[in-house]
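So that we are looking at the same thing, I have put the structure below in structure tokens.
We just call them A, B, C and D in the order they show up, numbering each chain from 1.
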Amino acid sequence: MTTETNVKIAIRDLSVYYDKKQAVHSLSLDIRAHEILSVIGPANSGITTLLRSLNRLFDLTPGSRTEGDILLDEKSIYGPDVSLTELRRRVGMVFDVPTPLPMSIFDNVAYGPRLKSKKARGSVAETVERSLRMAALWDETKDRLKMPAASLSGGQQQRLCIARVLALEPEVILLDRPCSGLDPISTAKIEDSLTLLKKQFTIVLAPHNVQQAVRVSSRTAFMLSGRLIEEGPSTEVFSDPKDRRTSDYITGRFG
Amino acid sequence: MKKFKEKLSGRVFFALALSSISALALITVFIIVNGVPLIAEVGVGNFIFGMSWAPSRGEFGIFPMIVGSVAVTLGAAAIGVPVGICCSIFLAEFAPAPLRNLFRPAIQLLAGIPSVVYGFWGLLFLVPFIRNYLGGPGLSLLAGAVILGIMILPTVISISEVSILALPRQYKEGALALGMTHWQTIRSVILPSARSGIVAAVILGIGRAIGETMAVIMVLGNAVAMPASILDPVRTLTTNIGIEMGYASGPHQQALFATGIVLFVIIMILNASAQYITRKR
Amino acid sequence: MRINPRTTGKIAKVLIWAAALSVLVVLVAIILYILFKGMPFINWRFLTDIPRSMGRSGGIAPAIAGTAMVSLVAIVIAVPFGIGTAFYLAEYTRGNAVTRIIRFSAESLAAIPSIVYGLFGFLFFVIYLDLGWSVLSGGLTLAFMILPTVIRTSEEAILTVPNTYREVSFSLGGTKWQTIRKAVFPSAIQGIANGVILSLGRCVAETAAVILTAGSALRMASSLFSPTRTMAVHFYYLAREGISMDNAYATAALLILLIFLINVVANAFVNRTMAKGR
Amino acid sequence: MRGRWIRTAAAGLLGLSVCLLSACGRQTAAVIIAGSTSVQPYAEVLAEDYALLRPDKLIDIQGGGSSAGITAVESGAADLGMSSRKLKESEQGLWSVEIAKDGLAVIVNPASPVGDLTLDQICGIYAADIQNWSELGGPDAKIHIITREEGSGTRSAFEELVMGDRRITNKAIVQDSNGAMRQLVADDPHSIGFISLGLVNVGERPVKAIRIDGVAPTRENVLDGSYSLFRSFLFVARSRPEGPALQFIEFIFSPGGRLLLSGEGLIAE
């Protein structure tokens, strides 16, 4: 199937159900390595469900059921020998609201590394510093690493969450509307870091508005009611959408 | 290693839960196993509706005690519920902050004070008062009802207050915006909306009253006769157990376990209805 | 005749104030009266001496020790089981039928009168397991009695931990156990501690269940298997049998102070949680 | 799934067996005494003094009532049983000794003008035939009858000595100890009750013991047989006691022990 060698994640005919309600309808999509893919669409399009399926966090939802397959580096993530903790470490996630754990800034970032076995974890302090630098938060926090994470501003908290994911040294980062509650300045900072991170990671972003997708992503997929309507390079999707529903959404007729 | 811990922790939690539940089941089973034979021998009807309690003569009728429990509890509710609800409205709607800050810990302290202290207080003040001014021996249904009425206050107040405070602000703001007075808002918006919580509070308070033992042993008088007035001494199901358990053996002991079963069933019914009412919300 | 709404409002307000103030007065009167009568007799000797001639004179040291031992046994046994069960209910089986049954029975058993626990403890621990009237029997009975409360309060504390904490921990590659230990437990610990401390208060205050299971021996308990008398039981005998009013007041005052202290500690936990902004 | 259940059951059994084992390993007092709460206070006074004499021989005293004490002796749970009632037919195989006699005093409030009643009158009061003090030469007030609970040794002694085959009215107030009964009579001017003669003068407030058929309830009158309301306090054992239990009984019958019991109001010669 994968003719192009740089496909990182291949979603094959994926259907996802909550109890009886179907949230994603037989969706197929390739996500390439080192790209930022935006998945756009109005509320309740199944975007969050799709993202949560990629690291199988969706499994935690009671009554959930999945059909089809997702391949990460050509291996199914639903295979019997897949370790969930391993998968989630390779596919990190940032949530739509900042979710600092009730502990210090340092401990938040160190949370993931510390879950590993002693041998595998290396120097936690180094990892924390590196991750905070990559998330462009080091300068603001280096003097108060022991302070509770809740004392940071909303934008800082969200960058802390990004740093926390980076500390896992993941391959893929999922961002579910990471800027939805933030002011424009914080949003800009986060978008800057994303562009930098693209070099090392594969990023799947659910942007909080169409403009953000235009600004940061190389490719864009448009979802409506759990179905993939259209996907392609961002420039094409935004300048010349093939589907009428896409253009309606982009131009603000609904959504 | 991690897998092992993961499996082990799940097992341990499961084992802990299972042992807790079996411990709780054990109580139920034990009480039933020890009480049912006597009920079976005497007959359910004779046991529950029998008028004479004389274990040394083989007479096991607990009807006067059921009546006693019900009467004392109703009396306690008649005193404790209106006062308790008034207090919860006061705390939620009227109380100035300093008074509230004095009131809440006081209520909490009262919930924690040993019930025997209430009984003692009743014996010191209430019983002589009733004997001297109202007549009778003082040890009476009335004394028990008043003491229990005071004892259920913390339960009634705290649960009702929580259910009033849990109402969305918009209810109150909406009503006030319609030009209602504060009291009209309380009466026609707040109280009806908090009704299920308040009813649950009342039921739980009643449950506490019906289950109380030591305080009422001290003030009820414990006579095994149908009370003719509120100034007569009565015995409740709990005091029957408390007062006679020390000496009982053989069928007498079984009869006290059987009394426990009746108490158990009453509490279960009360509690199930409280849960049903809160859930319906 | 219609009364003007302002008037009814005023009447209602007066009634409510009157009810609240009279409750406050009665409650404060009960507490202050006993403290006032009892405090003068509380001194070092009263706390450390053994009772003389059935408690007519002397101190209450064995009752203090008995209270501490019985409560300690109850807490040590009930807490791990209670918290473990709560975690099982909240984290492993959320929302299924078994959980609902367990939760219902825990809630119902929390309402069972303590005298019924006493009956059970007497027959099961004292007679059937042949532990006799002892610290252990009393403690185990109280452990059974507070178990439903510990389960319920702990479960509530665990359920108030935001679900995002769990999702974050899982998304960072945590196992269930790591998630519970590192993300859920630290956030729930204060609520759990509050419940445990209030249960301790119930142990200290309980009379009916311990009188049937721990016995009423006045001697200082020397081991878990010695019979003992808790302060509440001692007070009951002193007051009811008119042995010594002074010592009764003093014991009651001590109990009230102890409960007060326990409440203050419990509240400190709640306030710390609030101060953290949760 | 099945393995899980088995393992859990095994863990449960283990826990239970630990409980049982620890029960066996219980550190025992030298002598365990259980039974009548009428005898208990005296036994405790004896034990208190005995502890000064023999601090190494711990004596545990438990209440529970005469029947419970006898059952405990039969099952071996206690070394000595305290009984305030005579042994029943079925209990005749046990060894027993009368440690003292206890008079049963009928008491009223000191304010009551009534000080002398016949046995029949007392029986009539408790059977609710006589309901007003005026019928007995007192004020026009309802009699507040106080009795002990079912199973109490004092109550069964009273029933046997006073009531014959009449029943105590179910309207009577029930108190579950001598002390509580005494306390209540001291409080209520219209009440009548019965307690151990030895405890009449033991509380903080006074009560009045009534003369029965003109005979005052005193130790002398009990001893010479003119006062008929008395019962025996027994110590019961499965067989003739030995070792520490025997030593304790010897202490009770020593001059010191006798003096102690008389000092507490019992009739011990």
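Points to keep in mind about this one:
One rule holds for everything that comes next: contacts are C-beta pairs under 8 Å (C-beta built on N, C-alpha and C of every residue); 3 or more make two chains touch, one makes a residue touch a chain.
Please read these numbers as outputs of a predicted model, since none were measured by experiment.
Listing every chain that touches chain C and chain D alike gives B. Comparing mean CA positions across the assembly, the chain most remote from chain D is A. Centrality by C-alpha centroid: the chain sitting nearest the overall protein C-alpha mean is C.
Between B-C and A-C, more C-beta contact pairs are found at B-C. Centre-to-centre spacing of chain B and chain C amounts to 16 Å, using the average Cα coordinate of each chain. In terms of their C-alpha centroids, the spacing between chain A and chain C amounts to 48 Å. Look at where the CA atoms of chain A average out and do the same for chain D: the two points lie 79 Å apart. We define each chain's centre as the mean of its Cα atoms; on that basis chain B and chain D are separated by 33 Å.
The multi-chain contact residues of chain A, meaning those touching 2 or more other chains, are 85. Across the assembly, chain C contributes 175, 240 as residues in contact with two or more other chains.
In chain B, 2, 14-15, 19, 246 are the positions where the chain touches two or more neighbouring chains simultaneously. Across the complex, chain A is touched by residues 94-95, 164-175, 178, 182-183, 186-187, 276-278 of chain C. Across the interface of their complex, chain D is touched by residues 53-54, 129-134, 136, 215-219, 222-227, 237, 240-245 of chain C. Here chain B touches chain D in the complex through residues 11, 14-15, 18-19, 22, 52-56, 64, 127-128, 131, 136-139, 217, 221-225, 232-233, 235, 243-244, 246-249, 252, going by the rule given at the top.
Of all residues in chain A, those touching chain C in their complex are 55, 57, 60, 62, 85-86, 88-89, 92-93, 95, 97, 99, 101-103, 111-112, 114-116, 148, 150, 161, 164-165, 168.
Of all residues in chain C, only 5-6, 8-9, 12-13, 15-17, 19-20, 22-24, 26-28, 30-31, 33-34, 80-82, 84-85, 87-89, 91-92, 102, 104-109, 111-120, 122-124, 144, 147-148, 151, 175-177, 180, 198, 201-202, 204-208, 211-212, 232, 235-236, 239-240, 248, 252, 255-256, 259-260, 262-263, 267 touch chain B in the complex they form.
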